[in-house]
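Order of writing sets the labels: A, B and C. Residues in every chain begin at 1.
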Amino acid sequence: MSNPAIDVLPDPTEGPGRHGTGTHTEAILTGRGGGRGRRGGVGSSGGGKADRVKQRLTSPWATVAAIIIAFLWTVPTFGLFVASLRPAADKRDGWWTIFTQWQPTLDNYSTVLVGSSTANNNLASYFINSFVITIPGTLFPLLLALMAAYAFAWIPFRGRGTLFVLVFALQIVPLQMALIPLLQFFNGIGIGGTFPAVWIAHTIFGLPLGIFLLHNFVAQIPPELIEAARVDGASQTQIFFRIIIPLSLPAIASIAIFQFLWVWNDLLVALVFSGGTAEVAPLTAKLANMAGNFGRNEHLLPAGAFVSIIVPLIVFFALQRYFVRGLLAGSTKG
Amino acid sequence: MSTTFKKRVWLTPLALVSVAGLLLTGCSNSSNDAGGGGSKTDCTDYEQYGTFEGDEVEVYATIVEVEADQLEESWADFEECTGITVNYVGDQGFETQINVRVEGGDAPDLAVFPQPGLLQRIVETGKVVPAPKSVEDNVDEGWSESWKTYGTVDGTFYASPLMASVKGWVWYSPSDFTDRGVEVPTTLAELNDLTKTLAAEKTDTYRPWCVGFGSDAATGWPGTDWIEDYVLRQSGPDVYDQWVAGDVKFNSPEIKKAFDSVGDIILNPDNVNGGFGDVSTINTTTFQEAGQPILDGNCSLHHQASFYEAQWPEGTTVAKDGDVWAFLLPSEEADAGKSVTGGGEFVAAFNDNKATAALQTYMSSALWANNRVSLGGVISANKGLDPDNAQSEIGKEAVRILQDPDTVFRFDASDLMPAAVGSASFWKGMVNWVNGESTDSVLTSIDKTWP
Amino acid sequence: MLSTLLYSVAAPLAAHPGLLNTARKTSFWNDLWQKFGTMFVGIAAFLAVVGLILFLADRAPKRSRDVWQLIAFVAPGLILLGIGLIYPALRTGYQAFTDGKDNFVGVDNFVWIFTSGEMLVSLLNTLIWVLCVPFFATAIGLTYAVFIDKSRGEKALKSLVFMPMAISFVGAGIIWSFMYAYRSKGFAQTGLLNQILVWIGLEPVQFLNTPPWNTFFLIVVLIWIQTGFAMVVLSASIKAIPTEQVEAARLDGASGWQVFRNVTIPGIRGSLVVVITTISIATLKVFDIVKTMTSGNNKTSVIALDMYDQAFRFGEVGHGAALALILFIMVLPVVIYNVRVMRKQREIR
C-alpha cells in the first residue's frame, strides 16, 4: 500500500505498451507545452488515425464489458424494487418469479408509509426527520469547511502546513471513539437528543474531508484574481464572498451531494445523538429496527428500504452533472 | 437537573405535535389526552400514584414494533389519571446504546433491561438509583424471592421485574404428530427415541428438527437456551446455580454432558435442519424464522421460549388441537416435578424524581401485569396475575407453571453470567460448536473468558 | 461556543411554536411545519452567527485585523474539530493504555489483541478489506469510466453504476441479504445468486457462512457501493485531460492501450490518489455492512466492529481504545503518502 496510485493500475496483459514508453511520455509532455494549436487536432487532418484509435478505445468488447458491469451493478437494486412490489404471500419465492406470476401490488408501500399503529411502520414521520437532519447537516459543514479551506489555501500563517495535515489526518479518527465525549459535551450544554445536537455532530464529522477536498479546489483558483482583489483593497471576507464562493460553486455542489448522501444514509451518529426517539430519529434508524425483526417484516423490508433510498437517488439524478464537475478538480494536474 | 430541564423544554413542543399527528392518523391508543375530557377512564386504581402537572418520564427499552405499541397502551390510563407523559423509546441497539447514553450523561429516566448481567454492569457505573420503597414493597408482595434477587446487585435492590417468558418449550404440530403416528414424549430418553423415529422419515426437504441460532449481534443465544435446559433437567438446580456463579466450570462433566446430549440431537445431520439445509444453517437461520417450517411440514419439532407464539403468522391457531402447540422439554424421569428456565426484563431508574418513581411503582404492580398481559403476546411472573388474562392457551399454561409453587424455576443462565461470558463467549461458543469446533475446545475457551 | 450560541437562539423559538405557526397542532402537516420551522430557525441562527463573526473580524482594528480575520475563518471549524475529534482522539490514545477505569495497564490491551485468536482474525480481515476494496473499486470504476467515455448513453450508464453510492449501508445490507439468501437443495431459492447456481446445475451455497470466502462476499458489497464513486470522479478527471495530449498521442500512432497508459493514467494520477485514499479510509472504518449482514460471526469480523463491540457491548473500553489506535496506525501510511503528494503539488505551484 506504500504507493497506492501505482498499485491500482490494471495489470496489463503483456500489451504492446510495455516497451518504449519512456520516449513516448516525453513526447507527450513536450507536446503539452509545445506549439500544437489550442483547438486544432481532431478535425479532418489527423482524422484517419484518430478515428482508428477511437474505434479501438470503444471497441464492441469494451461496450459489452461496460454493459455487463452496468447490468451487474443494477440487478441487486432492481431485485429489491421488484421484491417490494410483491404480495406478502410470495415471500417464500425469489423475486424473479414475479414475471411468471404477475401480480404487482403497492400494499407494502402503504403499510410501510401510513401503517396502522403508532410504533409500527409509520415511516412518514421519520422521513421528515431525515430531511430536517440532512439539510443543515449538509449546509453547516460546507460553509465552515469552505471558510477553513480558504484560510489554509490563501491566508499565510505559521504552522499552516502542519495544521492542514492534522485536519486531514482527523479523517481517520474512528467515529465510534468520538461518540461518548461528544455526547457528554452536548448534554453538558443541554442539547442532547435534539436536532441541533445531530446537526453539530454531522458538521464535525463532515469537516475533515470537506476541508481537504475544498482546499484542493480553492488552491487552484488563479492567484492573479485574488491578488487583484487585494490590491483593490478587498478584505478577506469580501474576497471570500465575491471570489471564492462563486468560483468554488462546482466543488461546493459536488461535495454537498456527497455530504447529503452521507448524512441521509447515516445510522450511528443519528442513533446516538437523536436519542432514538420518533421525534428526532431518521429513516435509517427505523429501517434498522425493521430489519432487526426480519422474520416478521420480511415482506415489508424491501418497500421500507426503497422508500429510504428514493430521496438520495433523486438528489443524485438531479444534481449529478454538478457532481462530476468540481470534485477534486484541482488534483487532475498532479 | 438543569440538563434535563432544558432538554424537556426543547422536546415538549415536538412531542406534543407528534402526539397530535398520531391522533389524526388514527393511532390514538397510546397517546395521552392530557387536555381533553378524560372522564371515561376510571381513575380509582391510579389514585395511589398521585397526580402530576406536565411531568414526563422517558422509558428506554429493546422492545419495538407491535410489542412497543402494546407497552405504550399498557400505561395509557396511568398517563391520563396521573398527568404524567411517558415518552417511550424502543431501540434494537439497546444493549450497546445504553452504555453510550449512560456514559454520555444522557441516561433515560427508566430503562428496561433484558438481562440481569447487563443491569449489573450498568449499576457499576454508579448512575442507577436504588428502587424506591414503594417499588420494593410491590416486588416483595408480587414476586418470588429469586425474582427479586435478579434485580439486586451487591445487596441493593435496583430493578423490578417486568415481563417474563418460560423457556424450554418444544413446538410441534398436533396434526403432524397424528399423521406420523407419534406421541408427545415424557422423558428425555423418549424425546431421543421420537427424534430417531422421525429421522427415519427424512427426505431432501424434511428433518425432525428445525433450529435457528441467528439473532444479529446476539447470534448463538438460542443455543445457550438448549444447554441451560439440559443442565437444569439432567443435573438439577444446585449444579445450575453453581454453574451460573462460576463454581462449576464449563468443562466440568455436568456441563459437558448437557452439550453432548444437545449435540446428539442438533449436530446430527439426520436430525436437522428441516426447511433450511445442513447443520451449519443453524447459525444463519434467524430464531424468528426457525420454527416456521413446522407449518409447511418440513420439520416436526422446534425448541423455543413461550414468546415464540408471537412469531406464528396471522391466522395460525396456537392450541392443543390447533395448527401448532408446544410441550415442555421433558425431564429425565417422567414423574419428576417441572423444572423450567425462563427469562424476563427488569426496570431500573436513573433518577429519583417522583414521576419516575410513580411509573416504576406502577410497572412493578399486579395492576400493570394484568393490564399488559390482557393486551396479549406476553406473560408476567407476578403472583397477582390472573392466568385467565393471558390471551393465549400457551400463555395461560406458562402463567400456571410460573405460579405453581412446585415448579423449580431458574433464570436463563447466560443472562445471569458476567457479560463477557453470558452475552459474548457463550454465544460465540455455540456458533463455533455448530460450525464443527470440538466440544472440549469450545468449553475451554468459554472458561478462559470468565472474568 | 458556536453551538451554545446556536442553541440560545434556536431553543426559545422552538419552544414557542406559536411564533412560527399559529395553526392548530393536529396534523401530520403540523409535524412537518414544526420540524421544518426548527430547521429554518437553526439555519438562520447558524448563518447569523457565522455572518456576525466574519463581520466583526472585518471591523477589527487595522493592526490586528489580519489575525482576527484568520481566526474568524479557521476558528469555528477548528473549535468544532477540537471538541468532536481531537479531544476524543487524545482520550482514546490514553485509554488504550488503561483498563477503561483510569488504571494504567501498560501494553496489556495490545498483548490481549495480539494473543487473542479472534482479534488476529479481525486484523487479517481488515487487511484483506483494505487491500481488496480500494483496488477493485478503483480498477472497475476506472475501466468502466474509460469504456463508456464519450459513448452513447454515457450519462445513463454512469447513473446505473453510481446508484449504489446513494444507498445507505443498512439498505445495502438488506439488498445483499436478498442476493445471498440461501435455502437448501429441494426448496425454491429466494436469493438470486443461489438460484443461478441451481439453474446451471450446481448445489446452492451458503455465501456468508464459510470462511474465508464469506469475507470476500461481504467485500463485494462495499466494492459495489464504492465503484460508482471511483468511476464518477475518475471519469470527470479523464474528461479534464487536455484533448491536445490525446490527439498528440494518437497522431504518434499510439494504440488505445498506450493512450490509456501514457496519457490517461498520468493525467488522472492526482485523482487516483484521492479516490484510493478516500476509499481506503472508508474501508478501514467499515462496520455497518459486517454488523448488519453477519454480525462478525463465522470469522468475518473487522477491527472497527470489534472496537465498537468491545467498547460498548462488553464495556471493555481499554480494548476498544487499543483497537482504535491500531486502526489509526493502519491508516497512517495512507496519510503520509497523501501528505507527500500534497507537498509536491505545493512545490510545483
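The rule is short, and it goes like this: a residue touches a chain if its C-beta (ideal position, glycine included) is under 8 Å from a C-beta of that chain, and two chains touch if they have at least 3 such contacts.
On a predicted model such as this, the values are computed, not experimentally measured, just so you know.
Trainee: Have a look at A-C versus A-B and report the one with more C-beta pairs in contact.
Mentor: More C-beta contacts join the chains of A-C.
Trainee: State the chain with the largest centre-to-centre distance from chain A, centres being mean CA positions.
Mentor: B
Trainee: With centres defined as the mean C-alpha position, give me the chain B-chain C separation in Å.
Mentor: A distance of 37 Å separates the two centres.
Trainee: Using the average of all C-alpha atoms in each chain as its centre, how far is it in Å between chain A and chain B?
Mentor: Taking the mean C-alpha position of each chain, the two centres sit 42 Å apart.
Trainee: I'd like the Å distance between the centres of chain A and chain C, where a centre is the mean of that chain's Cα atoms.
Mentor: 9
Trainee: When you check chain C against every other chain, which residues touch at least two of them?
Mentor: 11, 28, 31, 35, 38, 292, 308, 311-312
Trainee: Where in chain A do residues touch at least two different other chains?
Mentor: 125, 180, 182, 186, 190-191, 288 - these are the residues of chain A that touch more than one other chain.
Trainee: Residue numbers in chain B touching 2 or more other chains?
Mentor: 6, 10, 14, 18, 21, 25, 97, 100, 216
Trainee: Which of the residues in chain B come into contact with chain C in the complex?
Mentor: Spelled out, the residues of chain B in touch with chain C are 6, 9-10, 12-14, 16-18, 20-21, 23-25, 95-97, 99-100, 121, 203-205, 216-220, 273, 275-278, 280-281, 283-284, 419-420, 423-424, 428, 431, 435.
Trainee: Across the complex, what residues on chain B touch chain A?
Mentor: By the definition above, chain B touches chain A via 2-3, 6-7, 10-11, 14-15, 18, 21-22, 25-27, 29-31, 60, 64-66, 68-69, 72, 87-93, 97, 100-101, 103-106, 216, 286-289, 292, 311.
Trainee: With touch defined as at the start, can you tell me which chain A residues reach chain B in the complex?
Mentor: Where chain A meets chain B, its residues are 114-122, 125, 179-180, 182-184, 186-188, 190-194, 271-272, 275-280, 285, 288-290, 292-298.
Trainee: Show which residues of chain C lie in contact with chain B when the two form their complex.
Mentor: 11, 14-17, 25-28, 30-31, 34-35, 38, 118, 182-187, 204, 206, 208-210, 291-292, 295-298, 308-309, 311-316
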